[in-house]
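Following are the structures in question.
Next come two complexes built around chain A: one with chain B, the other with chain C.
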Partner chain A sequence: MAKEESAPRKYVSTGLISRAVIELRSLDALSRQSTPVHKLDPRVKLILVFAFVFIIMSFPPYALLALVPFFSFPLWMSTAGRIPPRALSWKLLMLAPLAILVGIFNPLLDSTPIQVPFLGTISGGWISLGSIILRFFLSASAGLLLVGTTGPLRISQALQQLKFPKFIGVVFLLIYRYLFILTDEFLRLNQARICRSAKRKAISISLAGSMMGSVLIRTWDRAERITSAMLLRGFSGTVPLPNTQKWTRKETLLLFTWLSLFILFRIVNIPDYSGQVFMRIFR
Partner chain B sequence: MSHHLVICRDLSFSYPDGTPALDRVSFLITHGESVAIVGANGAGKSTLLLHLAGVFLPQSGSVQVGDVKVEKAHLNEVRRTVGFVFQNPDDQLFMPTVFDDVAFGPRNLGTTEPGIEARVMAALNEVGAAHLRNRPPYHLSGGEKRSVSIATVLALNPGILVLDEPTSNLDPVNRRKMIRLLNQFTHTRILATHDLDLVLDVCTRVLILNQGRITADGEVQTVLRNKDLLERNGLELPLRFQN
Partner chain C sequence: MHMSDALVSPAVGGALWLSSLAIARQASRKMESRPVETLPLMGVAGAFVFAAQMINISIPGTGSSGHLGGGLLLASLVGPEAAFLIMFVVLFIQATFFADGGLLALGCNVINMGFFPIYIVYPYIRNSLASPGRGSRIKIIIAAVIGIELGATGVVIETALSGLASLNWKPFLAAFLPIHLAIGLLEGVLTVAILSFLYRIRPDIIPSYTKSGKTPSRIFVGIIFLLALGVAGLGSRFASTHPDGLEWSLVKGQFFQSSPSKLQEKTAPFPGYQTGPNQDSTSSWAGIIGILLTLGVLMGVRKVFIWRRKNLPPGNT
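And now, the complex of A and B:
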C-alpha cells in the first residue's frame, strides 16, 4: 500500500545495486575457473596487485597519460584469467562516486594551467580529478580481478603465508562473507518490496532508510549465526586449506616481468614519449 | 556411560533486550535417546538448543554435556561432543565447495590431508551426498543443502546430534529422506520441530516447551495423542491421529 504524501518525494533506483550484487556472485563463480591466472600461486597475484596500486598512487597529482600503460596489467588479468569486463563494469560504476567525491572540488580549487599533449591547456584541477578517477578505476579493477581470479579463501590464505598478521586474513574473509550476506538480505527485502509496490521501480528515501535499517539488523543476526556455526566447527582464526599451490619458476618469472614493467611505466612516460617520437618523425 | 548424557538444571535465559526465552528448564537425556523438543513459534526451542551446543552460556542454572559443564573453559570439549545443525543451511555452509565445507571442521582439528579425504567422503556418503563433493554449496537445492550441512557436522564424529527444525522448508520427498536419514543415526539425537509427524517417526521421547517452560516430558505415543495437552501448548494432533 503506497502511503500518500503531499510533499514531493525523492527516489533512488535500486536496480543498479541489485545488478552489482548479482555481479559479485558471478565474480565468486568466476573465481572457480581454471585458467593460467587462476592456477598461479595466489601470493604472486597479491604481491603484484599491491605493487600495482602502490606505484599508481605514487604518481604526482597531474599524472594522466603516464597512467595509461598501466591498463595492460588488468587487461592481462582479465583476458588470461577469462574474467569478462562485463563482470566488473557495474561494480566499478557503483564505486565510482567515491572517487569523484574525493576529487570533486579539485577543479574549483586548482586553476593552474597545465599543458597537455594533444589536448592543449587545461586547468590543473580538472587534470587531477581525471587522474584520481583513472587511478581509482585501475586499482579497483585490479582488486576485483584479484578476487575474481583467486577467490577470497586463497587470498586470505596468501595473506597469512606472506606473514601478514593473522587477523588481517580473517577480517578480509569475514568482510567478504559479510558483504554476501548483506547483499543477500538486501535482495530478499528488495524483492519483497518490488512485489508489493505495483509498477514503481524506484524507492522513496524514507523507505530506503527503514529498509537499510532492517537489512542491517537482519545481516547482523545472520552474521552472528554464521560465526557461531564456524566456531562450533573449531574455527580459531585461520581457515585451513590444503596447500596445493607451489611457488615455481613461472611465478618468479611473472613477478619480475610485471614488476619491471611497472617500474618502467613509472619512470618513462610512454604515451608522452611515443608522442614526441611520432611528432619528430613527421616534422 | 555418562559420556553422552545431556543434563539441564533450572536453566533460565533472557536475551539482552530483556525478552525472556527460557524459564527454569530441567531434563536429563541419556545415551542413544532420540528426543524431540516441540512447541509453538517463539517457545524457546532454538534458544534451548543453542545452550546445548555452548553458543549461549547459562545465565542461571546449568547445562552438562557428557562429563563436562557447558562453560567457557570447556567449550572445546562441548563442541567436539555436540554436533549442531542450524535451521538454515545457508548459515552453516560457507566454503567454496561442498568438500571443503565438510572438511572445514576436521581440518580445524588438525586432521592431516590423507585422513581428511576419508573422513569427508564417509560423512558425505552417510547423507547420500557424495556426488555433490565439487559443487558450490550455495547452488544446491534445499534438500541437498540440508544433507550437506548435516555432513559437515558428522565429519566431526559428534556423540550427540542437535538439529534445529531439520525438516523446515523441505518438500515431502526430501522430508521423507530426512526422516530415513535421522533414523539411521545411532547418536543421541535432540531435535527441535513443530512437525509432530516427524517426531512420531524419529523420536521416542517428547519435551513440550511453552513460553520457555517445559510443560510436558514423556513418551511420544502418550504425549502426542493428548489433544488437550497439545492444544494448550499451541500445537495440534499429528495428522495421522486426526480423525
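And now, the complex of A and C:
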C-alpha cells in the first residue's frame, strides 16, 4: 500500500524537470561569485575546455595512467573558482552509470591479456572500461565547471565573440532564461493535474500532448509580452558586450600555460615516468 | 540518443562539429532577414523542447523509456533554419549544464537529433504539419519514425567510425533499431498531439512560417554531410594506424630533438621494458607508484592553494 502511494507517477516522470531546475539554480548561483577564474575572459575558458576535451578523447582506448595528470585542470578550476566539489560529485555520480553502460561489454569482448599488480592477468577490456569512465569524469566535470565559473550571460557573449553563427549566442541566452519560466509553468500545471486526478497515476499521451501544448501557449504569450518590453528597451538581436571585459596578458599567459601542459601530458605519460624514476632511485 | 564523449573519436567528433557549425552558419544567414521579434519566440520554443526532452515516457512492455526529440515540432513551430539553431543550442546547454551528451560529441548529437528530422524529413511533410488532419497525422507519425531511425543509424555509424567502444554489432543493432522504432512512434504521436492541440486552441501560432518558408537547399546540406562522413572516415583510419598522431607530428616537426620515449628508455629501471607514451605500463608497479605520486602532487598543490587563500586578507583573492 505504502509503496503504491510513494510512486504517484507511473508513465510520465516529471521528477527530472524539478531536479533539473534545482541543479540549474545551484549552478547559476555559483556562477555569480567573484574569483580569479570567474573574472577571466570567458573566451579563454571556452577554448581551454574544448581543447581539454579534444585532447583527452585523442588518447587510445587503453590509456589509463596517462589520463591522471589531466585532473589538474578541473582541480584548478574548482579550487581557484571556489566551486565546492560536492556541487559536482553528486551530479557526476548520478550520470556515471551512463558512461559505464557505454563500455560495459568491453571486458567481455576485448580479451587482450594484461598484467596488473594485485589482480594478476585481466582482459584488456577492463582497462578500456576504466579509461572510458575516467574520460567521462574529466570531460563532464570540465563542462560543468565551465558553466559554474562563467554563467550563461558571459558564455553567450563568448560564443558571439568567438564568431559562432550569429544567432547562437542570443538564442542560448534566451533559451536559458525562458527555461526557468517554462519549467515553473509546467510544475504548476502538473501539480494541478495531480491534485485533480485522485488516484489515477497513468496519463494518456493525448493528455500529455494537451499539457505540453498549454504550457507552450502560456509561455508563448508571456514571451510575446517580454519581447515587446525588450524591443522598447532597444533590443537589437544581439547580446550586448561588456566594456570591462578585456583580453589581457594574463589571459594569453594562462591560455598558453594550460595548452602546453595539455600537450605535455599528452606526450609524456607522467605517472608512468615518475613511477619508474621513483623505483630506480629507491631500489 | 544523446551520445557521450566516450563513444566518439576526435576525428569523427571534430568533423561533425565542423559540419554542424557550417549548417548553423548557413541557417543563421537565412535567418537574418527575419524580424527581431521572432528571436524570443525561438527562445521559448527551445526552452520548451528542452523541458520536453526531460519528460521520460516509459514505453509499455519494453522496460525502456523515451522522450520527445522535438526536431519536427520545432521545425513546424519556427521553421527549419531556426529549428536547427535551436537544436544546436539546446544540445549545447544539455552538454555543458547537465553533462548529458558530450561536448566533443555535440556535433554528432546535433546531426542525429537536429539535422535528420529537420533537414531530411521535414521538407517532405511540411504541408501535413501545417494542418494536422486525420490523413496527415499518419504521415507525421511515419515521418517522425523515419527521422528517429535515421538518427539512430547515425549513432551507430558514428560509434563504428570512432571505434572506441568494442561492441558486438549484430545484437547491438538488433536491439537499438527496434527500440528506436518505438521511440519514433512516441515522438510522432506526441508531435501530433501537441500540434493538434495548438491547432485547435491557437492556430495563429503554427502556420506563419510553415507555409511561407522556402525549402532549405538540400544539396548544400547533403554535400556538407557527405564531406563530414568522408573526413571522419579518413581521419579515423589515419588515427587507428597512427594511434599517437599528435606525438608523431610533434616529433616530426622538430619540437623535440629526441623522441620522448627514448628519454624514458634511458631512465627505465627494467631493461627491455618498452614504454611508449601511450602504452600504459599497467603491468608494473611503477604505474601504481606513479599514480600515487601524481595525485599526491596535485592534491598538495591544491592544499597550498587553499591554505594561501585562507591566509590572505578578505577581498584580496
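Definition applied: the second predicted complex is superposed on the first by the 179 of 283 C-alpha atoms of A that agree within 3 Å, B and C clash if a C-alpha of one lies under 4 Å from a C-alpha of the other, contacts with A are read in each partner's own complex, and residues count from 1 in each chain.
Going forward, contacts are C-beta pairs under 8 Å (C-beta built on N, C-alpha and C of every residue); 3 or more make two chains touch, one makes a residue touch a chain.
Just so we're clear, the structure is a prediction, and the values are computed from it rather than from any experiment.
Applying the stated contact rule after C-alpha superposition, one finds that A:209 touches chain C and leaves chain B untouched.
Counting residues of chain A touched by each partner, chain B versus chain C, the larger count belongs to C. By the touch criterion defined above, A:164 lies against chain C but remains apart from chain B after alignment on the C-alpha atoms of chain A. After overlaying the two complexes on the shared chain, residue contacts for A:230 are found with chain B and with chain C alike. After overlaying the two complexes on the shared chain, residue contacts for A:177 are found with chain B and with chain C alike. Of the two partner chains placed by the overlay, only chain B lies in contact with A:240; chain C stays clear of it. Legend: residue contacts after superposition of the two complexes on their common chain; A:32 is shown touching chain B, with no touch to chain C. Contact with chain B, but none with chain C, is seen for A:151 once the two complexes are overlaid on the shared chain. Once both structures are placed on chain A, chain A residues 177, 226, 230-231, 235-236 are touched by chain B and, in the other complex, by chain C. Looking at the complex, you find that chain C touches chain A at residues 4-10, 13-14, 21, 24-25, 27-29, 31-32, 36-37, 39-48, 50-52, 54-58, 65, 85-86, 88-90, 92-93, 95-100, 102-104, 164-168, 186, 189-190, 192-194, 196-198, 201-202, 205, 243-247, 250, 260, 264, 267-269, 275, 277-291, 293-295, 298, 301-302, 305-306, 317. The touching residues of chain B, when paired with chain A in their complex, are 50, 53-55, 76, 79, 84, 86, 88, 91-92, 94-96, 100, 104-105, 107-109, 113, 116, 136, 152-153, 156.
Those residues of chain A that touch chain B in the complex are listed here as 29, 31-32, 151, 153, 177, 222, 225-226, 228-236, 239-242.
Within the complex, the chain A residues that touch chain C are 10-14, 16-17, 20, 23-24, 27, 35-36, 49-50, 53-66, 68-69, 71-72, 75, 79-80, 91-92, 95, 98-99, 102-103, 105-106, 109-110, 114-117, 125, 127-128, 132, 135-136, 139-140, 142-144, 146-147, 155, 164-168, 170-179, 181-183, 186, 205-206, 208-210, 212-217, 219-220, 223-224, 226-227, 230-231, 235-237, 263, 266-280, 283.
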